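Each of the two complexes below includes chain A, the first together with chain B, the second together with chain C.
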Partner chain A sequence: MAKVSFRSVWKKYGDLAAVKDLNIECADGTFLSILGPSGCGKSSTMRMIAGLEHISAGDILFDDRRINDLAPKDRDVAMVFENYALYPHKSVFENMANPLKLRGQSADRIKERVMAAASLLEIGHLMNRRPQELSGGQKQRVAIGRAIVREPKLFLFDEPIAHLDAKLRAHMRGEIKHMQRTLGTTMIYVTHDQLEAMSMADMIAVMHDGELQQLGTPREVYNHPVNAWVAGFVGEPAMNFLTCDVRGERDDVLLTHPNFALALKPQQVQRLNGHAAGPVRMGVRPDALGISMQKLAEPVITGEIFVNELLGGDMIVDVQLADARIRVKTVPEFDGAPGEACYVTVNRDKWHAFDAETGRAFF
Partner chain B sequence: MASREVVQYETPLTRAFRWFSVAFIIVYLMWTLLPILVMFVSSFKDLLEAFKIPAVGDWAGIGVFFEFTPTLKHYQDLFLNLNFSSYILNSLVAAGGSAVISVVLGSMAAYSLSRINFKGKNDLFFWIISTRMAPVVAVMVPLYSIFRSLELVGTLPGLILAYTTFNLPFAIWILKGFFDNVPYAIEEAQMVDGATRPQALLAILPLVAPGIGAFIVLCILFAWNDFLFAAIIGSGGAKTLPVATRELVQPQNIQWGSIMAAGVVTTVPMMLLGLVIRRYLVTGLTMGAVKE
Partner chain C sequence: MTDTALSDQYVPGQSQGLFRVREIADNVEARPVPSTVTMPAKLNPAASRAYFFWLMVPAIVLLACISLYPFFWMIYMSLHDVEIGSTVWNNFENFTKLATDSRYLKGWWLLIQYSVMCLVLQIGIGVFLAVALNGARFEKILVTTLLMPMMMAPIVAGLVWHFLYNGTFGWYHWLLQSVGILGPKSILASTSTALIGIVIVDVWQWTPLITLITLAGLKRVPQDQLEANMVDGASQLRNFFAITLPNLYPVLLIAVMLRFMDNFRFIDSVLALTGGGPGNATKILPVYLFEVSFKFFKLGRGAAIALTLLIVTIVLGMILVRIFDRQQPRKA
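This part shows the complex of A and B:
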């Protein structure tokens, strides 16, 4: 088990920088998820930790030991690959025994460790099969099994459940999280699926274009995104963005939009920090909005229902405004029909304002 | 690579084509197999009987061809008087030696070309292939002169080296395709598991085994059947079966019986090899070609 630190780490492919000046501290025993879209540098980051890519600049430390120049085999990490990378000509047992065998462990010890890992993952009955005789979920368990047999300092999981079907993925999320808690080993888990990161990680590092956008707990990242990009990437359905103006009117500061005007709370005004007038981007999650067919007393956004999507326990309503379309999450009993006028309310504590140019969050 | 049932509907044209195909295959089989049959049967015949053949058009007299008392005297002659056992050994050593050397060096080169990116890689790869573009005869004279100054002419090491020169580019070319098809992640997994780079290479060798097997067979076939190199580079001390057989044709006396027996001795081992590794060879050669 180890603490992992990134000190100004860069990865360059020729002139192209895939990872830019990355600084992360990951405490011992933490489940850290590196989240970002494809091409954001998250896989390069993981491969630098594993030693499969050189570190162009900066240092990576395990505890306080610099590991930049160590070969993969000397780093004592275990990795689960996106495509599992099982050895096709070896049985499940041999696959899982491989790391121990390469480290010269005795046959008895190997058998004991492999069986222990197999029973944890419930794959004891598959020991003599070959990888091609396994289902996707089983292959994935074997790949995890190969990683956990030898109690490494650090687990590296590279989108391990991306290729499973949705139901199995949901199941494996819980299992992987539980396994990490049980073993207590530091875990770095790369994914492009914000739901995986949100549901499993202790800490999330959101990356975009090779740069770390935000490092925080899932709650922080969800409730207090540092910029519009993070706000838009995390959360499903995605956050609504509206281009608005801030305007002082008598004693109030108002957020104005062709469809509505919303008075800011004093602490929100304070957070705007002198940005007393001019354009801002308003961000509001679908679940911070309410919808009604009757005009209500509180300040509301008026719009027209564009389409309804019933998702079993929830309903998502797309509402057409003058210049944009927003999505509202509501109860499945909502009975508005497309084309009808509707009234959308905003939870005044749960919306965000972003700088119109830089995207930086005011609150 | 999965075969799929192709729905076909009979038309007069397809029916005619099917009959034509059958006829073509029959003619083709006769064309290719009859000489081998004649060689095989004649090698067990006394010379007088061997030349008893029915007249052209006399189909009833075809039985004459099979009326003979089998004799092994040509084979005895080959091995007791004509020293063919040492020629077989020469052929085996030359073919096997060059196959082993080519496959060892070739797989290392192919692995590097497949896995490592470096400047001029494509040019290097093309240069390796281009050595196979000129016919053997074109390089024979300079090669002979080089080999003679190195005192390699007429020696088995010389012959092995000559075959390796021609088999190695072929090995690199075929094996690179096989290595390209092995996902890099498997070696990466090995290295993270605790393997060194050479250990990782050894670990993926079983995955390219069909390719290596197929290549070894092609390599042995090339060397075993070769006449030109053997006649010029190997002449004298490293005489192989094709050359020894050729020498049975002398101006004053063509030893037909021995030639037939030598033909059988030369072809049968390769036929057996082909039968044994047939399935392996086909999967090996197609596996390299199909990228998943």
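This part shows the complex of A and C:
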């Protein structure tokens, strides 16, 4: 178990910077998820921790000890790879025993540890099989088993469940989270799937173009994204963005759009901090919107239903406005048909305003 | 990121006039699915086998002419005394005599020594070079340079080395003599070292092949397994033996197969270097076979020797293929 610190870490491939000035403190026992789209530098970050890539600049510390120059074998980390990286010529038992064997543990101890890990992961009956004879989910368990047989300072999981089918992935999310809580080992988990990060992590580091965008708890990242990019990346269905104008002054400030005008609350005006007039981007999540076929008293957006998507327990309605299309999450009983006029309500506490140019969040 | 700005032409509500919307009633009943499946009465005809057979006939006939006919002719000859104008049945004498033919038996022994030495040295040096060259700075240029011996005709290689080994003006001989490894006699002139002389030439010429094959194999060693093993706690050296080498086995088996078969067949360089001498020191079996058949013109006896050589080659080849199959990952 260890605390992991990044101090101005850079990774450069020639002139291309894959990771730029990364600063993260990850407390002992934390489940940290590094979230970002492909090519954002998250895998490079993980590989630098494991010692598989040279750290171009800056330092990585485990418990205040600089590990930049240690060989992978001396870093005492355990890694699970995206495509499992099992040894095909070894049985499941030998695969899992490998880290212990390489550290010169006795045969009895190896057997004990492997069996303990196998029973935790419920793969005890697979011990004599070869990796080729396993299903994707089983391979993934073996790969995790190989990581947990010894007690490393740190777990590194590189998109370990990306190749599983949706149902199994949902199941494994719970299992991995439970396992990490049980063992209490610090975990760094790389993923491009915001749902995985949201559902499992204690802390999420959102990365984009090699830069850390936001570091925070899943709640913070979801409810208070620092910029439009994070707001758009986290959340499914994705946040709606509308280009609006801010007009008025003091207590009477309005957010205006061709389809609607919305009065700002005093604290929202305060957060705009002098950005009294001009364009802003309004961001609002589909679940902060309501939809109705009757006109209601509260401030509403008038639009036309474009299409309905029934997702079983929810319904997503795409609403066509003058210059954009927004998605609204509602109950499956909603009975509007495409082409009909509808009325969308906004939860006045649950929308965001972003700088139209920089994308920085006002609130 | 859902700024889904639409094209200017879009006008809400317009689409309804352009497309017919199919209404599906909510109260449509679910239909029961039949629970039994019956085989269709008749299957669609597959392409006729005769068609494929006739497509293959020309190739089969050609193969029979150039390969099967000589093969059976060899078996026929091996059972007869073959002279020009006469072939006489000789009651398996060609074979029974081999058991007491000391040069035949020695030929085998020399062939085994020769092949094993060649294979061990070529695989060892070849793999070492491949690992050293893999990912090296001037890899492509270095590999091309290294391949040059392989591009030389074996008979030419034999002649060149024949001169390099020469006791009076051979450059290598001078080199080996100056460092005290050799006496005044050429390496090929002494019965105790001549075999090593021909091994060196074979290694010189064919190690590049092993390097080339191994390099191709190295490119396919899964990087993630190497990395996983490194994180698991392996050093570079252990990583090589635990991951790289097992992944190279199939490739190396093919290399071994190619090379041992070549050693059993190719005698050009040996003929050019020593012609089997001094004495019989380098008279490996294929050289002896050549001598019997085409110098002494005992075609019957030669055919018998060739047949035994062929059988051993086939058996060894089959064993290697069997091992190769076992190395292949089984499909789940």
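What we mean here is this: the second predicted complex is superposed on the first by the 360 of 363 C-alpha atoms of A that agree within 3 Å, B and C clash if a C-alpha of one lies under 4 Å from a C-alpha of the other, contacts with A are read in each partner's own complex, and residues count from 1 in each chain.
The working rule: a residue touches a chain if its C-beta (ideal position, glycine included) is under 8 Å from a C-beta of that chain, and two chains touch if they have at least 3 such contacts.
Being a predicted model, the structure only gives us computed values, none of them experimental.
Three-chain overlay on chain A, with chain B and chain C in a clash. After overlaying the two complexes on the shared chain, residue contacts for A:Ala50 are found with chain B and with chain C alike. By the touch criterion defined above, A:Arg146 reaches both chain B and chain C. Of the two partner chains, neither chain B nor chain C is touched by A:Tyr13.
In the superposition on chain A, A:Tyr87 contacts both chain B and chain C. Judged by the touch definition given at the top, the superposed model places A:Ala78 against both chain B and chain C. Chain A is touched at more residues by one of its partners, and among chain B and chain C that partner is C. Of the two partner chains placed by superposition, chain B and chain C are both touched by A:Asn98.
In the superposition on chain A, A:Arg325 makes contact with chain C only, while chain B stays out of contact range.
Across the two superposed structures, the residue set of chain A contacted by chain B and also by chain C is 50-52, 71-73, 77-79, 81, 83, 85-89, 98-99, 102-103, 146, 156. Those residues of chain B whose C-beta lies close enough to touch chain A in the complex are 183, 185-186, 188-196, 199, 203, 206-207.
On the chain A side of its complex with chain C, the touching residues are 50-52, 71-73, 75, 77-79, 81, 83, 85-89, 98-99, 102-103, 130, 132-134, 146, 156, 229, 232-233, 238-241, 243, 304, 320, 323-327, 338-339. Listing the residues of chain C that touch chain A in their complex gives 1-6, 12-13, 15-16, 21, 222, 224-225, 227-235, 238, 242-243, 246, 329-332. Considering their complex, residues 50-52, 71-73, 77-79, 81-83, 85-89, 98-99, 102-103, 146, 156 of chain A touch chain B.
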